[in-house]
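Chain IDs A, B, C and D follow the sequence of writing; residue 1 opens each chain.
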Amino acid sequence: MMAIVVLAMINQRNLFAVVVLGGIYSFLMATVLVALDAVDVAMTEASVGAGISTVLLLGALYLTRGEEAKHAPRRLIPLVVSIAVGLALVYGSLGLPAFSDPKAPIHTHVVPRYLNDTLKETGVPNAVTSVLASYRGYDTLGETTVVFTAGAGVIALLRRRRRVREEDDK
Amino acid sequence: MSLASHYSYWVTIFLMIAGLYIVIARGNLVKKLIGLGIFQTSVYLLYIAPGKLIGGTAPIVAEGFRTYSNPLPHVLILTAIVVGVATLALGLAIVVRIREAYGTIEEDEILAQDRREEEQV
Amino acid sequence: MTLEHLPALQVVLPLISAPLIVLVRRRWFAWALAVLVSWISLAIAVTLFLEVGRTGVITYAIGNWPPPWGIEYRVDALNSFVLVLVSFTAAVVAPYARISIAAELPREQAYLLFAMFCLCLAGLLGITITGDMFNIFVFLEIASLSTYVMIALGQRRKALVAAYQYLIMGTIGATFYVIGIGLLYLMTGTLNIADLAGRLRDVGEIRPLLAAFAFITVGIGLKLALFPLHQWLPNAYAFAPSVVTAFLSATATKVSVYVLIRFYFTIFGTSILFAALPTDEVLLVLSIAGIVTASLVAVFQQDLKRMFAYSSVAQIGYITLGLSLANEAGLTGSIVHLLNHGVTKGAIFLLIGGIALRCGAVTFDRLRGIGRRMPLTAFGLVIGGLSLVGIPGTAGFITKWYLVLAAIERGYWWLVAVIVASSLIALGYVWRFVEAAYLSPPDERSVKQGEAPASMLGFAWVLVIACVYFGLDTSFSVGAAREAAVLLIGGAR
Amino acid sequence: MRRDIVLRVIAKLLIPFMLLFALYVQFHGDLGPGGGFQAGVIIAASIIFYTIIFGLPEARRLLPEWIVETMVASGVLIYAGVGVLGILLGGNYLDYFVLDHDPVHGQHRGIFWIEVGVAVTVSGVMLKIFYMFAGRRRDEDNG
């Protein structure tokens, strides 16, 4: 399903349609994430991917233009590059622990403390919240700062300017 | 190490190739950003899927459950999603400005305009 | 009490100052706070550097969670050196910025640029100081996003395109990096660098490691403009506001190099990887290709900023060249070149900022006769240029000296010839400036302009003097670099 | 769209519930899925909804730009401030143990406040970006 949507996105030239497909893609992704027990992530993906991103993209498209220009893109080189990258990952993933292997290092190292002690140490039963906000709270501070950076950056870029800036370009 | 056990990796890899392809091959600035988004989401699966334990539940500690899926990748990916949307917002803001300055959001037209400008100087 | 919290304050102070700037929304306040914060950062960095020299590695557990559960800050001989470099550059650039920014940006954007500057500083310091792979990614994004904004605020519309291209490349790079650390995490279950290095020793499966290594190298390579992944850099440097160019060229790529060094030596050094891979050779070839190509391209540029931007790509080649030699002298050369090139390029771009203020543009036809009208600026640029070439008595010479030593130690005599030849090419592009500045009749469009404002010139000259100083007295720079090199090699192979 | 009475009524009815749901997500994050980020997004979404129905000038009157900009900055300050508080109370940076006599309570308090910080910044930024994009459109239409 996701594959089909993505293929449709590649071929679709009407950008509005692409954005809508992107929303569908995000919902599918969220479904997969729920199936993988990542409820927090799924919720975020649904609200961000299908909600905020779509709104932003539509807003931006309104300001720009809905159609992608028709011209033969260079197909070969990008395809080679992306497939090469994919192959590198295939090569790497062959050596990884199998799906749902409880003895894989990620399940035996570091994480057990999060699961076993989250109630005792932080009083928060949702381990995702306790890791996010406390054990690795500093990452979340960084994350908030990233959002802040983006916000301030958009303010800086889109604020109305009084001085004409084209003098240099004309 | 059967094929099926690595199924999630294959999905990841397909999404990644598709996203990267859109970014490199397409000339439309907005579409490039969308491709970038797909490329980033492919990473989510790479992290999340191995964290799943069959028979486990979401990592919310409660009575009656013994096995939980791994919470750490979830946290990392939450951060990655946020970073992704922040990048998207910023990228779109730049695209809007480019559109105002050049009147187009096609990469080749922009480059052509730049070239013309340089020849004039 | 405060002393032990210095590692956290190093990053948090610039981080907090950014929202304060946005709240107050006054340009003078923004500027004053940025200056204050960057000076305090410098003080903290120097203190940490001295502390590390005295007591060894300093660790700091954020949130009081012991690593590897929590995030750890870890300061050792290498990154304390980089911290000093970054905060020193910031401390010089910030006070310089006031006039330059006022001239190049409208009032309502200026304060936001300072906010971005603080965020970028926080991001770069955060990348450098942290001992956690994922935390590097988060702060990398803070630094990157603020950089995109700063570049996009350049005066010409091409700045927008440059920023967009950098955003695409940078995000791909960061995503590659995330994939790489994801693979490492899947293999070891940890994100803490020190813990990871220990656990990798026991990993027998080489393929994921190899893939992780490749993804991280390409990802960081995109960020540090490693040849041939450098395409974004010349445009970004050429069209960003002058202050931003100076700050980025002196710090951003250097911090990326630091990350690469950290991964190569501290993390992968202990694994089975290097025995199986011709990494050194690949890196060597790329470095040489980068040095030669970028230097040659630089010679034919019409825009002074662009010329020195290509020169940056070439100079990064020298740094990775030292890495690829992977012996003590080579590594010392690399690390000391972080500082030497940072100082040199910082000086050059700050001086160019002065020219941009007075002449409007920095193309070669505008520069004619500048040696007479802006004698101090032109003379400083010549010194900076000589340092790029590697004339004895300047900082650049020290680097080349160590690189040559390292090459001889490895028995690569031909490499010595390459280094000398590339220096001659560098002499070629520096000579173009000399010719334009001193030997050509003045450009009639900007006859009446005089020297750049004292505050700008003064701070630019601080870096010029530093550039000569590190060429003459190497006890600080080489001393620190060698200590770091010994630490890395001792810990790695 | 602005004169459609049905939409206006539905919006008036829905928006309080959306905000309520956001608060639920915010404070229920300890137990179920959710937290500051998600809550922030929902808050922003509800205001964006309001803007779409009632128009930008109305939304700007309800929630002026300067408040939004203050939110953008103050969220980060709250978060970072909690960290500094940790130092002032004798712990490490972002150390929640020292926020209360009982370490677990301290953790609770710390997590609560940083989630508030996250929500404030996230909703502020999302709204601000939306205002920026929407405001752009209007000015272009006027010429």
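Operating definition for what follows: contacts are C-beta pairs under 8 Å (C-beta built on N, C-alpha and C of every residue); 3 or more make two chains touch, one makes a residue touch a chain.
Predicted, not measured: the structure shown is a model, and the values here were computed from it.
Enquirer: What is the set of chains touching both chain B and chain D?
Expert: Joint contacts, listed by label: A, C.
Enquirer: Could you compare the number of C-beta pairs in contact for C-D with that for A-D and name the larger?
Expert: It is A-D, judged by the count of C-beta pairs in contact.
Enquirer: Need the CA-centroid distance for the pair chain C / chain D, whole Å please.
Expert: 36
Enquirer: Cα centroid separation between chain A and chain D, in whole Å?
Expert: 20
Enquirer: Roughly how far is chain A from chain B, centre to centre by C-alpha average, rounded to an integer in Å?
Expert: Going by mean C-alpha positions, chain A sits 5 Å from chain B.
Enquirer: From the mean C-alpha coordinate of chain B to that of chain C, what's the distance rounded to whole Å?
Expert: For chain B versus chain C, the centre distance works out to 27 Å.
Enquirer: Would you give the residues of chain A that are in contact with at least 2 other chains, written as numbers and ranges?
Expert: Touching at least two other chains: 39-40, 44, 48, 52, 56, 59-60, 63, 89, 93-94, 96-97, 104, 106-107, 110-111, 114, 125-126, 128, 132, 134, 136-143, 145-155, 157-159, 169.
Enquirer: Among the residues of chain D, pick out those that touch two or more other chains and give their numbers.
Expert: Where chain D meets two or more other chains at a single residue, that happens at 31-33, 37, 69, 72-73, 76, 80, 83, 93-94, 96, 125, 129, 132-133, 136.
Enquirer: Give the residues of chain B touching no fewer than two other chains, as numbers and ranges.
Expert: If we look for residues of chain B contacting two or more partner chains, we find 20, 33, 50, 58, 60, 72-73, 76, 78-79, 82-83, 86-87, 89-90, 92-97, 101.
Enquirer: Which of line, ring, star, complete and other names the graph you get from chains that touch?
Expert: complete
Enquirer: Please output the residues of chain C touching chain B within their complex, sorted ascending.
Expert: Listed in rising order, the residues of chain C that touch chain B are 134, 137-138, 141, 145, 148-149, 152, 157-158, 160-161, 163-164, 167-168, 171-172, 174-175, 178-179, 182, 185-186, 191, 363.
Enquirer: Can you list the chain A residues touching chain B in their complex?
Expert: 2-3, 6-7, 9-10, 15, 18-19, 22, 25-26, 29, 32-33, 36-41, 44-45, 48-49, 52-53, 56-57, 59-61, 63-65, 68-69, 71, 73-75, 77-79, 81-83, 85-86, 89-90, 93-94, 96-100, 102, 104, 106-107, 110-111, 114-115, 118-119, 125-128, 131-132, 136, 139-140, 142-143, 146-147, 149-151, 153-154, 157-158, 169
Enquirer: Which of the residues in chain C end up touching chain D in this complex?
Expert: Against chain D, the touching part of chain C is residues 1, 5, 8-9, 12, 15-16, 18-20, 22-23, 25, 60-64.
Enquirer: What part of chain D is in contact with chain C in the complex they form?
Expert: 69-70, 72-74, 76-77, 80-81, 83-84, 86-87, 90-97
Enquirer: Please name which positions on chain A make contact with chain D in the complex.
Expert: Residues of chain A touching chain D: 39-40, 42-44, 47-48, 51-52, 55-56, 59-60, 62-63, 120-126, 128-130, 132-134, 137-138, 140-141, 143-145, 147-148, 150-152, 154-155, 158-160.
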